[in-house]
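Shared chain: chain A. Partners: chain B in the first complex, chain C in the second.
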Partner chain A sequence: MSRFFANRLSATIPPALCGVLLVLLAAWNTNAGVRAATHNPRSGEHLTYASPVEMLFHPNQPRLYVLCQGSDEVRVLNAATYEEIRRIPVGHMPRGFSLSHDAGRIFVANSWDDTVSVIDTHLLKVVATWQVRGEPSSAIEDREGKHLFVANRVSNDIAVLDAQTGVEEKRLAAGRGASYMTPSPDHNRLYVTHVYPNPTREPTTNGNRNAPQSEITVIDATRAVVAERIPLANIAHGFHVAFSRDGRLGVAAQLHPKNLVPLAHLEHAGAFADTLTLFGADVGKPVEIPLDELERYAARPFGVAIAPDKSSLYVSSGGSEIVTVMNVPRMLAFAHTHSGPNVQNLAASARYVTTRIPVGRDPRGLTFTLDGSKLLVANRLDDTISVIDVHTKRVIKTVLLNSPAQISVLRHGEQTFYTARYSFQGQIGCANCHIDSTFDGLTWDLEPDGFGRDIVDNRLLEDIRGTEPYKWNGGNPNLPTECGARTEMYFWRSETYDDLTLTDLVVYVRSLPLRPNRWRQPDSLLTAIQERGKALFSRPTDKFGKPISEANRCNYCHSGAKGTSQKSFDVGTGKATDNSGVLDTPQLANIALTAPYLHDGSARTLEEIWTVFNSEDKHGRTNDLTKDELNDLIEYLRTR
Partner chain B sequence: MKRLCALLVLIVAASSASCAAPRMPLYRFDSFTTANGLPDNHVFSVLVDGDRIWAGTENGLGVYENHVWKTYTTADGLAHRAVLSLALDKRTGDVWAGTMGGLSRISGGRVDTFTQLNSGLSNDVVYGVSVEGENVWVATAAGACRLDLHTGQWALYNERNTPMNEIWVYGVDATPTKVYLAVWGSGLLEFDQKTGKWDKYDDPDGENEMVLFKDQGLIHEIVTSVSYVDNIVWAATYFGDSRYDGRYWHNFLTKDSGLPSNFTNQVKGLDANRAWFSTDKGLAYYDGANWAVYRNSLTTGTPEMTVRDAQGKVTAVAVTTAPAHNYVLGIDFQGDDIWVATAKGLSHGIRQHEGK
Partner chain C sequence: MTLLSRALSVSVPTSLVLLVCGFGVESAHQPAIQVIVTAAPVYLPLAAVRGGERFPKGAQLMLVRDHLTTPLIEGFTATADANVSFDGKKCLLSVKEIASDKWSVWEFNLDDRSVRKVISGDTDVIRPLYLPGDRLVYSRYTTHGFQMETAKLDGSGALPLTYMSASALPETVLADGRILFQAGFPLGTDLDHGAVPELFLVYSDGSGVESYRCDHGTPRWGGVQLASGDVVFTHGSKLARFTSPLATEAPIAAPRAEYAGAVVEAESDRWLMSARSGNDLHYSLKWWKPGMPLMENIISRDGEDLVQPVLLAPRSRPNHHPTALHKWDYANVLALDARQSRDGAMKGTPVTVRLEELDTNGNALTLGAAPVESDGSFFVKVPGDRPIRFTLLDEKGAAIRKEHGWFWMRNGEQRYCVGCHAGPEHAPENRVPAVLLRTTTPADLTGSGQSAVPGGQ
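Coming up: the complex of A and B.
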């Protein structure tokens, strides 16, 4: 329909205006879809993409297992020919999987189902499904087959399950957004990264913003306790970890944001550094090294693999759509002589990066063939696997996963969202700040408001359809403006989207669904505490019987199903550095997940919105509440 | 005549046997102060975690491992420099520290802090903490609360939803069946984990200054510490201590027991019959019949150990060491050894066996 109108419009209306109309029309016309199965408005087909994210070879069977996030399945391929053998349906949005210690089972972490699927590798079917609350994102068994460790992104912990029965025994505190887990070669320890920065210790103010802090949580797999935490200073988002076979070198892929300085000079490498942290006996104290070099960025590093002979290190970069190859001895030599901050040194990586191999769209997981002669790359957004010859460092084969050849609007929009190709020198893409299409837990200083002015918290993208206007000052009336001209001018500083690309991007962003709320009961009924909080949310009188004006009740601004009136108000949260205290009312979707809070991220927790930043009761009447009543209100908000 | 002599010998032998002091645990106390790395000499609390010893002091949280002290401070994220209470989550290895400025969790070296401003914690002055399953129970200056580690939800317990007359909660002991709160001025509160109901134990005479009804209830309303083990409640107050078996109460006072002082900071039950008492006049051990007191002599200041048997006979045991100070604030156990938090140092009581 959009294409039809585009053709008709272009014949009669000037091209520029036609483009704008087309984008607006598409954004209005397209309903939300589901990521896995996308409705194609151009062809009318119902398209399902595999979206491979991880792979593993079975040590004793000639099989390659491919975890397909889009089609909610594990695909089994012939390890030599890559022909498909079987498709095994699993839970929704699987994010990680691994083999059991005896290779008899595969554990699949289904992130949006809160389950782990157990696949029998002989029967090639799911033989058990275990509940694990909190968005399970990876699962690994210990070497005795006693415990299964499951990293959970929403509950920020690692569940320890009985590996035979799935009964949960305990949880270990991990980093915020715990997601990716790697065992040491001897399986004595597990290394867990997390995709959102840990909460800051000190209250954040405009004048004293804090650098993000992350960690690698190290689990003693035998005792099932946290053994230590490797601090990652200035790192906001951690992804895969890999070890050399001798266990002496560990490498973590990560994003190092530069959010404490104005996001003004992308051309000066101003937004992110794509880096690795090296740790282990080979390096001593952990060292951060950059992957980028001038004009050759490795945007959004994700997968890591070290060659069995420890000669080379491979890193996939989703935004740049490449695999970077590094010479390990030269990299270690650099690390030994440059133990300080290396992030600003864009000449550094030239010392150890040997090749940058173009692969498919949004490359994710990496795995070596059992003989170590080839490296496989799961290209999430074009349903392919790149096979790289480790000797020639070239892609020698691209395996197609029997997916639709046609690219739907949503698929194209998602590809646009995840690529860095539109920004200056290919430095960043939408997914840099919206991790897995969500948020990043950071505050940024965007240029158009003035340097050091209007520090803004990054907001969650889920279910944002119908919550316009956008931006904290409500300055963008719709998504085409938000994702188009604004992004192109202030973020990309490079080429603009063509009309269809922008249309598809907007359609994709509008389609992002709300992930399951973990604070709601399965029957959706509120608990007694949540009910009490709900009553406070809309109460007409305060504790002393005094009427609360309609405009000072929570549900006045945060009205409707999404918790926003779509209007702007001054609720007394403006800071001296803000150009205006009048701010857009944010939606409340999954608000429990999106700390920090307020427009500038100054409230570290939901509690601080009222205990620290509402002294005059302008952000709702709350100062009459007792502590337990405020707790009730917050428990209700967590269900939104 | 021979028979008479033999009888006399037997009588003397029996008499001397009955006069022998009961065998009570003997310790050699090695003490730590700031001179050998302790963060501060004023030690409020001590916690044994395997080979690791945690000391909550007035100026940071110390951890002793491999003969070295490491100190956590507010710069590391600790809620406050004064660490009043400690608890170990045995399942995860995490240590919970109650401070004068909030509650901190130390997990794998990372410190997470919960305060009344940034979380659902009822008050920043945390006197006591206890971990049971997935719940962390917290005794604060404004009631008690429970953090559900699974959901992150806080439940507050105060005068609005419990029989708590005063909200100054000084201690908590949480077990799978019961949770007990030691409340300053409001007796002892009992929470039944199964029914979710509260019960309350008070001083039956209601007198602050005297004990009118001994062994008929809690000795005093100002309860400082509680310990629940083997279905027995041990409760400490500043005016004597109590033991309750669910039916009968027994009170301990200096005047009729081996308790060195009625002013008791902490009680720790070992089982149904045995308990340790931290008082302002030394450390005391009760084995169900006899008492042992470990301290520096109140008159000469030299180390002493006294044993009081069931008949009230007091015998001195020759010792060369005592806890660092008589003002004892807390104890914990490491196998046969004991660790003692005092107002002027931390002491390691190393169990001495016969012949050593």
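Coming up: the complex of A and C.
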């Protein structure tokens, strides 16, 4: 089945029918693939894969704990032989885990069901499950076992819990998308990174086209307060942090986008820089250094580990499927002599990068064996652990995690989504802009619309089935068009998938579920405020009794379960740099998460959609509303 | 059938040619490979980039096996420039059917030994290389020297790639799909007028032309890409490489010799090369293991150079470049910061950028000027498929930086440059260029007097 056929098919058939055909197409291809590719069997079944993301060795037990995000469990392996000892079911979509101060418990942050599982390391079972709202993504106990700190991606904060009872005592404000938390070696401080850029605080003078900013939120674990915020200029997405054992060197892995430059081509790091921020006493003022080279990239750096003897630094790159090894003394020497903007220099990494080690698909967490002789890499998308000999810098063993041998369509689609191998020189993949299959909180200047024209806000991918067409101008009727030829020409700038792979990718993207909405009450009933907002959403008359035309009510364009009529309208939000003011109606799913707003991201908040960009009431009648009433409307929208 | 009858077969069936064999007693340990080389009484490796003849006394493609050379194909006056298809079953070559003919491009089927003409004309057509998507790239002699073109493998759909008044010869197709080519530096300048042989890159639609590296000065040619991604090339008496981590070439400690051009990575740790050393009059085929002090002679021929070695084996197919050219009769270029250059600090502040084109008579014509913003950015619409160059002017109109050579943009091309000769190691800074905050309509420097239309496909 050719992409040509798929595209023509979808261009001539109504979107809904096209979707059905697409699934049939995927099934047809799947069967064909199973028949034809005996060496690479594919299955359309929904198989469960372990998807390891993090690992830790127990200091006193010969055990390796592996956090398996796909199977919602912690697997316990023999630390020497890597044979499986036990599987411990935990909550849904676990994202981070850590040992308690006495190593008697493991805390698992279950991101999609808002819980923390407490595992007894002697009993090897969950002994408590604590509620922590806001998408808990990592959990760390202080050195005395008094408090458990939980970083929450959706609520952008750190919950402080009683480490013995799980009772929440307070919350600390973090940055946007707080996700990964690393203790200093003495456990006195916790360093929190964030997967989304902080909202800009500057007034909207430039269409909200400002360089992204993030931060490392530093928590004083003893006092349970925010001690410091280390600003990360130009950083949109932060991942793991690691410390040297002496605590003098901290390293954060991060993505440095080029979203303000027209995305005209990829050569010379045109879309992203993959970088580290070095901080701590060894460095002084934080310094950002690049990992990329002139023609090779370390796409999507995630895990970081510093060798116990501080000789080498290891960074996993999910897109490039490598672990980059750096010489720490040379890296520090470079940092000391190059405090300025280093990211523009693609030759800089030659000063300190020594090796690039190919590993499995979407490598994530890194951990050293207790003796420091080996580094383990959790390869999320092929259910393996690469074991690297730190002396030879080679993979000496690949541990298989007893997962299905077959690669399902969804799994293959997910692998395709997360790799950077299809783009020019392997610089980017889908997951560069759709962080963990979501969005990135950025606006981009895509080349085909003209330089500086049609600036587009990146949209959430979850639950997009049935929201066609795609693109803000509604120009792409379906996902095969969106992900196929268009992506090849204007994003990857390189020959990309075969038809089978494109189909699998599309099936994966269409299957992405909507994460739980944290603004809805558990019983799904609306609060009084939300009910008032809902009434405003569909009101037929304004506050002065004047009728609001049907087409100017919120629920006219934002209709249906997903909040989109799948039609395009001019709601007066077009800018002088837009080629057309007629825009696709975006779905409202989890809209609370996805700032900035409007097609070009010019509204920093939901409120600004109406207070700044709706002076003529073309985007719904709202100028009769008070601030409180607008807040009611916003509170309702957050439940969508 | 006529072509078939002209293609006399080698003395053994091709199927046997593809079988494993060695290189005789002194090289019994050598790997089992088959090599095609060009044998020529005289080989002038840089003649074509001057627009001249590389094989003034003829040439013949030879198959090297069992330490012996046999003609790859007979019935032609001259053959050269072998390039094996990705599946290892066919071979492009340059052919002169009779002595008075011009060079043309043919394809030889190694299975049935049939040949067919692919590209020909009133002038020489040489140096064919396979491209992905059933296309090839080659150079055709014109009034401006050799110019690169691509075409389908059936010879149709010819598309010029280079637009300048100096020669360009394809060297190899890189794994990322770009074509590495040889031309004079500054680009668009003839070697007989002071240019130095240099290696450049262009996409297979003619867009994105740029230098591979910007440490210009030393003549560089004969580039080939290794499995590691490094590009190895020759300086004549030296070998060097471009490697991804470095912005400048890295030396290769190869034995002192005169190298005829591209090396062949026959194994990961051994290279096949054409070289001559000491009192050798002619290039011969040699093995060299990087790091070793000496090369090992494989085969030589009395009175002839053995050059242009290629492996007769399947090889990885490079990526196909999906062209994203707009349907325009012009191009747009955005300079993010024209002040940035490897040429060092600028004496003055650029206020205006002037565009010149080279007309068909070789005269530089000024097409117009556009403002340079305070951050060094400018956005201009330029004529496509023409040799052009920029000059930065200060507030008094004095030139404070001028491009040394000429480059081109394809009709429908829209791209940015980080600076003016900023170097390939220089990545863009993440900021909106000031010119795009002022206008998204490029200043029209096409000479047409019409304003540019923003937007595209």
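The criterion applied here is as follows: the second predicted complex is superposed on the first by the 590 of 640 C-alpha atoms of A that agree within 3 Å, B and C clash if a C-alpha of one lies under 4 Å from a C-alpha of the other, contacts with A are read in each partner's own complex, and residues count from 1 in each chain.
As a working rule, contacts are C-beta pairs under 8 Å (C-beta built on N, C-alpha and C of every residue); 3 or more make two chains touch, one makes a residue touch a chain.
All values derive from a computational prediction rather than experimental measurement.
Participant: Quick check on the chain A-based superposition: chain B and chain C, clash or fit?
Facilitator: Overlaying the two complexes on chain A (C-alpha atoms) leaves chain C and chain B fitting together cleanly.
Participant: So, A:Glu295: does it touch chain B (first), chain C (second), both, or neither?
Facilitator: second
Participant: Applying the document's definition of touching, compare chain B and chain C: which contacts more of chain A?
Facilitator: C
Participant: What is the value, to the nearest 10 degrees, of the angle subtended at the Cα centroid of chain A by the Cα centroids of chain B and chain C?
Facilitator: 130
Participant: Determine, under the contact definition given at the top, whether A:Ile634 touches first (chain B), second (chain C), both, or neither.
Facilitator: first
Participant: Using the touch definition from the top, say if A:Phe424 reaches chain B (first), chain C (second), both or neither.
Facilitator: second
Participant: Would you sort A:Gly574 into first (chain B), second (chain C), both or neither based on which partner it touches?
Facilitator: Neither partner.
Participant: Name the contact category of A:Ala347: first (chain B only), second (chain C only), both, or neither.
Facilitator: Touch status of A:Ala347: second partner only.
Participant: By the touch definition at the top of the document, which applies to A:Pro513: first (chain B), second (chain C), both, or neither?
Facilitator: neither
Participant: Taking the superposition as given, does A:Phe451 touch the first partner, chain B, the second, chain C, both, or neither?
Facilitator: second
Participant: In the superposed arrangement, does A:Thr611 touch chain B (first), chain C (second), both or neither?
Facilitator: After superposition on chain A, A:Thr611 lies in contact with chain B alone.
Participant: Please indicate which partner A:Gly247 is in contact with in the superposed arrangement: first for chain B, second for chain C, both, or neither.
Facilitator: After superposing on A, A:Gly247 lies clear of both chain B and chain C.
Participant: Determine the nearest approach in Å between the Cα atoms of chain B and those of chain C after overlaying the two structures.
Facilitator: Between chain B and chain C, the shortest C-alpha distance works out to 19 Å.
Participant: So in the complex, which bits of chain C are touching chain A?
Facilitator: 132, 176-177, 208, 229, 244-247, 319-324, 326, 332, 334, 336, 379, 414-416, 418, 424-433, 436-437, 439-440, 442, 454-457
Participant: Within the complex, which stretch of chain A touches chain C?
Facilitator: 206, 209, 211, 234, 256-262, 264-265, 267-270, 273, 290, 292-296, 341, 343-347, 349-350, 353, 424-425, 445, 447-454, 485, 488-490, 492-496, 577, 579
Participant: In the complex of these two chains, what residues of chain B are touching chain A?
Facilitator: Counting only chain B, the residues touching chain A are 77, 91-94, 105, 107-110, 112-113, 116-120, 122-123, 134, 142, 149-151, 153-154, 156, 158, 160.
Participant: Over in the complex, which chain A residues touch chain B? Could you list them?
Facilitator: Touching chain B from chain A are residues 133, 155, 169-173, 198-199, 201, 215, 217-218, 223, 225-229, 519, 529, 604-605, 607-608, 611-612, 626-628, 630-631, 634-635.
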